[in-house]
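Only one structure is covered here, and it is reproduced in the block below.
Lettered A, B, C and D in written order, each chain numbered from 1.
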Amino acid sequence: MITQTHFLVLSAALFMLGVVGVMTRRNIIIILMSMELMLNAVNINLIAFSRQLGDVTGQVFAVFVICVAAAEAAVGLGIILAFYRNKETINIDEMNLMRW
Amino acid sequence: MAEAVVFYIFAALILGFAVLVITAKSTVHSVLFLVADFLCVAALYVVLQAPFLAVIQVMVYAGGIVVLYLFVVMLVNLKRPPELHADPRRLGRLGLVMALAVFAELAAIGAYGWLKPSGFDGSLDSKNIEQVGRALYTDYLVPFEVASVLLLVAMIGAIVLAKREQ
Amino acid sequence: MTEAVIFPLIKIVIVLAAVLATVMYIVLLERKVQAWVQVRLGPMRVGPHGILQPLADVLKLFVKEDITPVMADKWVFTAAPILVLVPALIAFAVIPFASNDMKLFGLPISGRIADVNVGLLYIVSVASLGIYGIILGGWSSNSKYPLIASLRASAQLISYEIAVTMTLVTVIMLAGTLSMVGIVDAQARQGMWFAFMQPVAFFIYFVGGLAETNRAPFDLPEAEQELVAGFHTEYSGMRFAFFFLAEYANMIVVSAVATTLFFGGWLQPFPNVSWLWWLGIVPGWMWFCTKTFMFLYVFLWVRATYPRYRYDQLMRLGWKWLIPLAILNVVVTGFLKVLLKG
Amino acid sequence: MHLIWLIPLLPAFGALVNGVVGVRYFSKRTAGLLACATMAGALALSLYAFFELLTLGPEAREYVVRPLTWISALPLQLKDGSIGSFSIPWGFRLDPLSAMMILVVTGIGFLIHVYSVGYMHGESRGAYARFFAYLNLFVFFMLMLVLGDNFVVMFVGWEGVGLCSYLLIGYYYEKKSASDAGKKAFIVNRIGDWGFIIGMFLIFSVFGTLDFREVANAAGSMPVESAGFGTLSVITLLLFVGATGKSAQIPLYVWLPDAMEGPTPVSALIHAATMVTAGVYMVGRNAVLFSHSPETMQIVAIVGVATAFVAATIGLVQNDIKRVLAYSTVSQLGFMFLAMGVGAYAAGAFHLMTHAFFKALLFLCSGSVIHAMAGQQDMRHMGGLKKHLPVTYVTMLIGTLAIAGIPPLSGFFSKDEILFRAFQSNKIIWGVAVVTALMTAFYMFRLMSMTFFGTYRGPAFAGAGGHGHADTGHGHASAGHGAAATGHGEWHGPHESPKSMTIPLLVLAVGAIVAGLVGVPAALNGSNDIEHFLHPSFSVSAVGGTHEGASAELAEAPEGSEGGSKGAALSGFAHASRPKAAASSASAPATESEGIAAGKLAAAASHEAVPAEGGEAGSHASWAVEIGLMLLSVLVGITGMLVAYRFYVRTPEIADRLAQRWAGAHRVLSNKYYVDELYDATAIAGTMASARGLWVFDAKVVDGAVNGSGWLTLFSSWFSHVIDKYVVDGLVNFVGAVLEEGSFVFRRLQTGLIQNYALVMLFGVFAFVSIYLMSR
């Protein structure tokens, strides 16, 4: 019997994998992808709840999340391109201009 | 029964692909794994009786966003491996540990059923699209419009950022 | 159990076989049509009037050596052709070939593999997946021309997908449903094929379809004069055949979708003209195939007729004409729908 | 006819384009063409509308079109305390009177535009376009004035033409005299407009509307104020003040002569043909009001004839060719007001039309002469130009004959009509008018003589006698000097003007000849067409007539219903004077009482009606009188001309001797009765004095207050400055210092590594989840 909890745990796991990716990788593109993973985890959550409550609101918000993800990807990748054009790197450890 | 089987299969696939995504050496590979992961998630949506979301997931994520990643990966043809230089002050491992710890806690919460395990009572299969559409265009009209504006702004911003100024 | 598994499997097998056979013979047909248009004969040797030519081609492709470039990314290089072919084939899952009330050996079978109520979106999304194979194929062979070609191809696909999707929106507005069957039924109910209600949409859809299948005059990704053979330059043998299959399968998908959305799928023409009753004798799937093949022929015809676009022209056409036109069409349709309703 | 609103817009368009774009970019050719084209279009439209109007029945000839509303509805309190809604449409009204006016305006305007193309040829490009822009703008406003169907729209045009006349008089704004003249015209006009505006207010507060037709109906329903001075009289008097301002009547005529500083086409179009007749038109437009206030009528008549006389006397001794014409204009306007004053509206309007023709002609001729003399305007330096400017000579002669009232030229019919009506109304006025007519003939022919006859008195020029120069070949060169009003540069002597100038002359000459024929009086077996045509404009509308007796009688007075002569009285004896009407009114003894009731005007009517008792005999008598008067006026005209010829051509010294003999009178006349000086001494000086007083008040009191407040501000600001510096800044700096010190410690956290920052967030998450877990 598959319950709500299964989905919640799954999404938690997926989310944490995303966090791990963000924490450990230095390739900023992969970091962005990890973020996408986290967003997906959130979506799974939302939809699981909407299924449980028999209410489409969760799905609506999943749509919004997807919108945000698209925007985030576009802008983030744009930034990455611009940065790469200037500094020839996508290593996040070399992107530390904002320091004292 | 069948649902359980499907769920476990896809859950395994999702997590497996996610692991591959964050561990793959070549960026292109991890992009591919990401696509696979998203497709599996879409399948999971179908299981959750949200076909519309599933299709949207495939269309927007797999068909759009990840393609964007692929493009960037190709445009960024690196002279040297990207993860060569590592900053000593970065506490990556600590981050890993913390993440695992948080997951452990969450898993504990789930496992001990402190959030009460409840089956799915609500049913919203047949008219899914109509429901979502109605919700989007009536109750959530303003957020919807805001989202569209957000996308527009993001588009313009991306163009401005990625355009090489001559 | 049987309804759930067996029949679908049977249908899948049938459809796959049909599609592959069609692809083979479309290749022949294309060569013939080209030849006729150019007042030649085309392949005549293998079999009468070159009927067996496809078999010969397949044989050749099978026995050809399968080369993998040294610097190529093996996995991706292998995966790419599959990634191209699979979406093209799975798109057929929701295309209704015939009406629901077909009888086979007394037991009723529906004329489609699956009828999901997001059918149209499903097709759009799988179509948008086809791009991966192309990009990866071009990238993984780690060679200059394929990469350029694949970038071109993906840009082209993305650009024209927008316009095509917009036209589909108008169709959805008219039909009021996303299910392919529902759309065909809607056309039956409204007594008019959407091609006549939405000529602009149909036009845009067809042009976009040409572009999405990389067909002339939009066949830039495989412009042999500019880039040796396009994104599959480095491929040979069976993998090349996959790309080849995929292109023609995509053509069939586009034609089938066009038939379903704009030309009433399996519906017979002039159901209400009394002295054309005999058209009703022909079964629905025959009508479907006829219409689809008509479109396929138009594909070939167009290729034989029009010169290739320059790349910037292609982009200008896509972004500055088709997309605005499609959006305008959506707006106008919406207005008319509201006005005419009340 | 429904397109009449387009008629004003065409010139407006021309003005807009020429004024905005043309001044910068247009070549002279383009600007001129554009202006003339718009005028031609307007003319064509007017003709079309006019003939459409003719197709209607005589009493139905009224067409109102209101394309837009200007002021939708403004609640305003009326005289009787009720609340009226003040609503003004952009209404245009085409009826016989306005039809005639638009024909005159567009027709003569068009000719003068063409003329100007040649005359202004020497201007620089921008100034050229500017000129045509002004001219078009003027025509636009003039058409608004004559087409407006209510007082406000009319007033828009009224002010607009005032503005344009100011702009055009001051066209050579480098010349001080020109700009001064412009200002003078503007200010004097404002005085008149003051009266007009007050009149409008009063009209609205009385009738609650400003629409001409409604006002007329309402007024028609009011009793004639024969007893004394009532509301209507006040209104009409105020309106008449406005008219005197615009039409240069005593006491406001002084601006017109100075207005001659403007280019000659302007003088011709604005200060002779159209704008100055606006006052006459306005009086005619409100004929019903005026008819109902005999007092005002009397004043109008007296002022008119006085102006005519005075202006004529001044005109006798002027030497500047254009000033002579200016004074003759004033005096002719006086004639028109005389006509209005004695109730002969049709005659006045008729004279307005004919005068427009021949006076425009005369001005254009004088322009041609000035042009030929390279800007020379003093007649004493002209003479003998006959052989140099044949065309100009002939046309100007025609104009002179017309104004002198020699049959069958146009001036004769109109002026004679006026004289006849004056005769019927008041013998004294008539006498003065006749004398004025005599003087008119005299000074006009004096002008002719000094200009064209006799010997050449101008400056010497290469190849004197210059037969070879009488062609248009040198048009351009000296056209430049002529327009620039400076005689320098090579000047080949007097010469005929270019075609573009002579052709309008010829056309206008033809007009001056035939224009009168529409008004051949019954006495000469002519049917006085123009009068019949114009009659509806001066009467209460036939529609209004159904509810109002007087107007009903007006409508059918010619058919001689009882009380016909009262109608006659109201509509200015238009009928009693005609045999048919006279005979009919003979059948109504009631006419006497009615007529008396109708007051002074009616007195004349009864005086007309009494001999009419004998039916045919009466008609014969009036016929005889009329013919006699005609012969007299013709005689007068010829006498004046002969005398002038004798004085200034045969034996020029006579004039000088006369001047010596009555040196005093001559001085007074040539100084224009010192009117300008009088005004300077009284009005202007007074204004200046009061202005000075106000200035002192301003400087001492107002400025004092302002400066005081200024000092106050300064002090308070100094105070707040101190607070700010030591208290506020102190706090700010303190905070800043604290932060600065703290930053030395905390900035070590800023590693610039995003993942470390993310790690902090992760700590936060960990903390929260832990709390949740512990709380179990």
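Here is the rule we go by: a residue touches a chain if its C-beta (ideal position, glycine included) is under 8 Å from a C-beta of that chain, and two chains touch if they have at least 3 such contacts.
Every value quoted in this text rests on a predicted model; they were computed, and no experiment measured them.
J.: What chains touch subunit C and also subunit D?
T.: Touches both subunit C and subunit D: B.
J.: With centres defined from CA atoms, tell me which chain sits nearest the overall protein centre.
T.: Most central by this criterion: D.
J.: If you tally contacting C-beta pairs, which comes out ahead, A-B or B-C? Let me know.
T.: A-B
J.: With chain centres defined as C-alpha means, what is the inter-centre distance between subunit B and subunit C in Å?
T.: The mean C-alpha positions of subunit B and subunit C differ by 29 Å.
J.: Would you mind pulling out the distance in Å between where the CA atoms of subunit A average out and where those of subunit C do?
T.: Chain centres of subunit A and subunit C, defined by C-alpha means, are spaced 34 Å apart.
J.: Taking the mean of the C-alpha atoms as each chain's centre, how many Å separate subunit A from subunit B?
T.: The mean C-alpha positions of subunit A and subunit B differ by 6 Å.
J.: CA centre of subunit A versus CA centre of subunit D: separation in Å?
T.: Computed value for the inter-centroid distance: 81 Å.
J.: Touching two or more other chains, which residues of subunit A qualify?
T.: 19, 22-23, 93, 96
J.: Which residue numbers or ranges of subunit C touch two or more of the other chains?
T.: Within subunit C, no residue touches at least two other chains.
J.: Of all residues in subunit D, which are in touch with two or more distinct other chains?
T.: 751, 753, 755, 758-759, 762
J.: Check the chains against each other and report every pair that touches.
T.: All chain pairs meeting the touch criterion are A-B, A-D, B-C, B-D.
J.: Enumerate the contact residues on subunit C facing subunit B in the complex.
T.: 73, 75-76, 79, 116-118, 121-122, 124-126, 128-129, 131-132, 135-136, 139-140, 147, 151, 154, 158, 161, 178
J.: Show which residues of subunit A lie in contact with subunit B when the two form their complex.
T.: 1-10, 12-14, 16-27, 29-30, 32-34, 36-37, 40, 43-44, 47-48, 50-57, 59-60, 62-64, 66-75, 77-82, 84-85, 88-91, 93-94, 96
J.: Any idea which subunit A residues touch subunit D in the complex?
T.: Against subunit D, the touching part of subunit A is residues 19, 22-23, 92-93, 95-100.
J.: Taking the complex as given, what residues does subunit B use to touch subunit A?
T.: 3-4, 7, 11, 14-15, 18-19, 21-22, 27, 30-31, 34, 37-38, 41, 44-45, 48-50, 52-53, 56-57, 60-61, 64-66, 68-69, 71-73, 75-76, 78-79, 82-87, 90, 92-93, 95-96, 98-100, 102-103, 106-107, 110-111, 113, 115, 117-124, 128, 131-132, 135-136, 139-140, 143-144, 147-148, 150-151, 153-155, 157-162, 164
J.: Hey, which residues of subunit B end up touching subunit C in the complex?
T.: 26, 28-29, 32, 35, 51-52, 54-56, 58-59, 62-64, 67, 70-71, 74, 126, 128-129
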